[in-house]
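Letters A, B and C mark the chains as written, and numbering starts fresh at 1 in each.
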Amino acid sequence: MSVSDLTPLSAPGGSTVRAVHDEFHGDLLEVSMGPHHPSTHGVFRMIVTLDGETIVKLKPVFGYLHRNHEKLGENTTYLASMPYTDRLDYLNSMTNNWAYAVAVEKLAGLAVPERAEYVRVILAELTRLLNHSCLAGFLMQDCGCSGTPLMYAFREREKILDLFESLSGSRMMCNYQRFGGCRVDPSADWLAGAQRLTDGYGAFLDEFEALLTGNEILMARTQGVGRLSSALAISAGVTGPALRATGVAHDLRKVDGYGVYPRFDFRVPLGDHGDTYDRYMIRILEMRESLKILSQALAGLPGGPIMDPKAKLRGFRPKAGEAYGRIEGPKGEIGFYLISDGSANPYRYRVRPPSFINLTILEDMCLGRTVADAVIILGSVDIVLGEVDR
Amino acid sequence: MDTVEQLRDRLLARFPGAGITVVANPSPAAQHSLLLTAATARDLALFLRDEPGLQFDQCSNVTGVDWPDKEIVDTTKVTLPDPAGGPPKVVEQKSKRVEPGCLEVVYHLYSIALRHGPVILRLRTANRTDSVTLPSLTPVWRSCEFQEREVFDLFGVVFAGHPDLRRILMWDGYQDHPMRRDYVEPDSYEWEPTPHGEVLAKARQHYPAPAAAPEAPKP
Amino acid sequence: MSDAAPAITQAERDDLRRNGILLTSLEELYNWGRSHSVWPLNFGLACCAIEMIAASMARYDIARFGSEVFRPSPRQADLLIVSGTVTKKMAPQVVRLWNQMPEPKYCIAMGACAISGGPFKQGYNVLKGIDRFIPVDIYIPGCPPRPEALLHGLVQLQAKISGQPLTGPDAPRHLRTDIECDCPVPEFGAHDLEPPQNPAVWTPPPAVVRPDKA
């Protein structure tokens, strides 16, 4: 291939790298990474064009886990799509459930009891802890730090999964939220367990940070790597920790103030450089904020019903119309866009997948870096293929 | 933020004759949308992004919707004079017409800078077969890049001006647009007889019923 | 390995073993060795892959069963754990990975999707079970199966390996010359994979429509 084949991107703030191509440098090398590659977090594939070891072009290839979520959603009832949302971002089934429930509640105009809102916040923040811990573990795995951090993260994940399992009956695929509330009421024992976990999680974070945050190798590998400007991040629809790492204060928990989030006192950590280290650090700081929210929510959990008594589960047919509902998932803005034609199935069922849209700028972040950097940049974007390809 | 009607008037004041229609949303969400024409869509999008009071800097969600051709039966009452000289008769006449379908692309815009939204833009193709080109908004919002590719792949909308319009989820040689309502998937598997009527019908087609036993003669 | 009754019964062997005398056969020793060092391919497809990772972590510790060495390269792996939904776009690569693995090799279909398509069975891009293209040794149901279920499946696979005779018609593939080990890789067609299944390993099940439902 030659230089003329390379189409530089001309997005605002986008960087371009031109390959040096003369008789001295020789031909460019095209490498296909994935879909079976240990660093691609599943079946993601990148076609990387290299000049020596420098990336001059990177094209992601999607669809290896495209399992037709949206088509299936149009062929089943509203409620029957709830278990499918578990399998979108399979680390964070609770927040997926919540986002879908929010969209349907907007569509049908359902109210949610206060206790259910609190329980949703508790579960969403537990999910955030789970996701960010695992992400940090996987990121370190990508850096070549094989085993230990991931093993620590999964040790904590198991504790959270035990809570999810005792509440919903399933470790990963919780199928817990309903339109107008939650499926079961957490018992006092369960709440005590959640409190114990919240109290102990700070110690794990301290241990984790002592291992990693000041680690010289980690800093050398991640600082200044995969820089992203805030203008490009906004234009590319990047959301979640990757956007906040560029210094943009955009957290839907504050912006939309959905659920009962405005009642809690927490801060939104922001980054300075928009590099991989910032993206790692943001997640650690967010976990500490999540712990604050958890303590407040567990302390202030009101009594009352967990489901809106007027909500219908069977024969649920919202009036014709449409709604877009979104929440701040651990990976970014997860939204559902539903069009109802008055029947039992949605006419159009669309998922706004944060990991998929966050990958828009993968090429911009990787240009000019090496393949080893591309691996950790991808790791810091935090993707789950079930959601990327749906 | 402005209501959607105020926003339409503001856009029309800046772009007279742009052809903007408000599409009302009767659900409790009340997220109404603006239907734009393909010719002016990109100018309007740039205005929405750059105008200081609006600043819709984030295009959060791009999606396609398929509206197939719809057969509508109109019933009109016609008064016919009676040739015999009696009182005129009122006759109902039914006429069928086909409302042409379209492919629709929906954009959800938010402003991160001013924290408002959503503004929902809709674009419609002329039909579902040969005139399916719409302007790409990727030059305005980079986040449309992959999502418009997805709409192209699954619905078959062609985005003029997209930098890299290829299939994204299905493979390159694939011919269909599976998210269209009239897509028929390859029948490549056994269908379990579940209580769902549609699945049961397919199962029957797959495994024709065993020859019925001869009926017992009636006494 | 004759079919004649063994000269020494299992009870007598156990009695000797308790007294510190170990009697074994070459077949038993060979199968014991390979059944307890099954190296899986480091290959995750979807949700089940997370539970596969969890099985290799501290709480479930797949190392207790000799299978903690996840190999990134198919050339070094003995076991393909198909952990998740196989889409039509992915199926050719899965078959290719299977062909690249050296014999003796085994395949576990982990989870409902790998077995039959699972909840996504009616999707247009979903393969209705990996056993349409490659031979599967162990099926682990669940959506996703718990890590314990994966461990149980692994123990079942070990039992299967331990029980394989080294000669005769039931010998494992790698000791036989009369069968073809490679599976044909399907091509991407205009509407579906071509062919949509491998008739050498898969035939459609008999009619499942009950007469009273037909």
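Definition applied: a residue touches a chain if its C-beta (ideal position, glycine included) is under 8 Å from a C-beta of that chain, and two chains touch if they have at least 3 such contacts.
As the structure is a computational prediction, the values presented were derived from the model and not from experiment.
Asks: From subunit C, which chain is the farthest off, judged by mean CA positions?
Replies: Following the centroid criterion, the farthest chain would be B.
Asks: Whose C-alpha centre lies nearest the centre of all protein C-alpha atoms?
Replies: A
Asks: How far is the middle of subunit A from the middle of subunit C, if each middle is the mean of its Cα atoms, in Å?
Replies: The answer is 32 Å.
Asks: How many angstrom between the C-alpha centroids of subunit C and subunit B?
Replies: Once rounded, the distance between the two centres reads 45 Å.
Asks: For subunit A and subunit B, what's the span in angstrom between their mean Cα positions?
Replies: Distance between chain centres: 28 Å.
Asks: Provide the list of subunit B residues touching at least two other chains, using ranges where the numbers run on.
Replies: Residues 169-171, 178.
Asks: Name the residues of subunit A that each touch 2 or more other chains.
Replies: 63, 66, 68, 71, 389
Asks: Identify all positions of subunit C at which a residue touches two or more other chains, and write them in rising order.
Replies: If we look for residues of subunit C contacting two or more partner chains, we find 89, 122, 124-125.
Asks: Give the list of subunit C residues in touch with subunit B in this complex.
Replies: Touch residues, subunit C against subunit B: 89, 117, 121-122, 124-125, 128, 188-192, 196-197, 204-205, 207-211, 213-214.
Asks: Help me check something: in the complex, which residues belonging to subunit A touch subunit C?
Replies: So the residues of subunit A in touch with subunit C come to 35-38, 42-43, 63-69, 71-72, 75, 83-84, 87, 90-91, 150-151, 154-155, 157-158, 171-173, 385-386, 389.
Asks: In the complex, go through subunit A and note every residue touching subunit B.
Replies: Residue list for subunit A touching subunit B: 7, 9, 11-12, 14, 62-63, 66, 68, 70-71, 106-109, 232, 234-239, 248, 250, 255, 318-326, 333, 335, 337, 339-340, 347-348, 350, 352, 356-357, 359-361, 389.
Asks: Under the touch definition given earlier, write down the residues of subunit B that touch subunit A in their complex.
Replies: Residue positions touching the partner: 25-29, 31, 57-61, 63, 65, 106, 108, 112, 115, 118, 120, 141-143, 145-147, 154, 163-164, 167-171, 178-179.
Asks: Taking the touch rule as given, give the residues of subunit C at its contact with subunit A in the complex, in rising order.
Replies: Checking each residue of subunit C against subunit A gives 42-47, 49-51, 53-54, 57-59, 72, 74, 84-85, 87, 89-90, 93, 97, 113, 119-120, 122-126, 143-144, 146.
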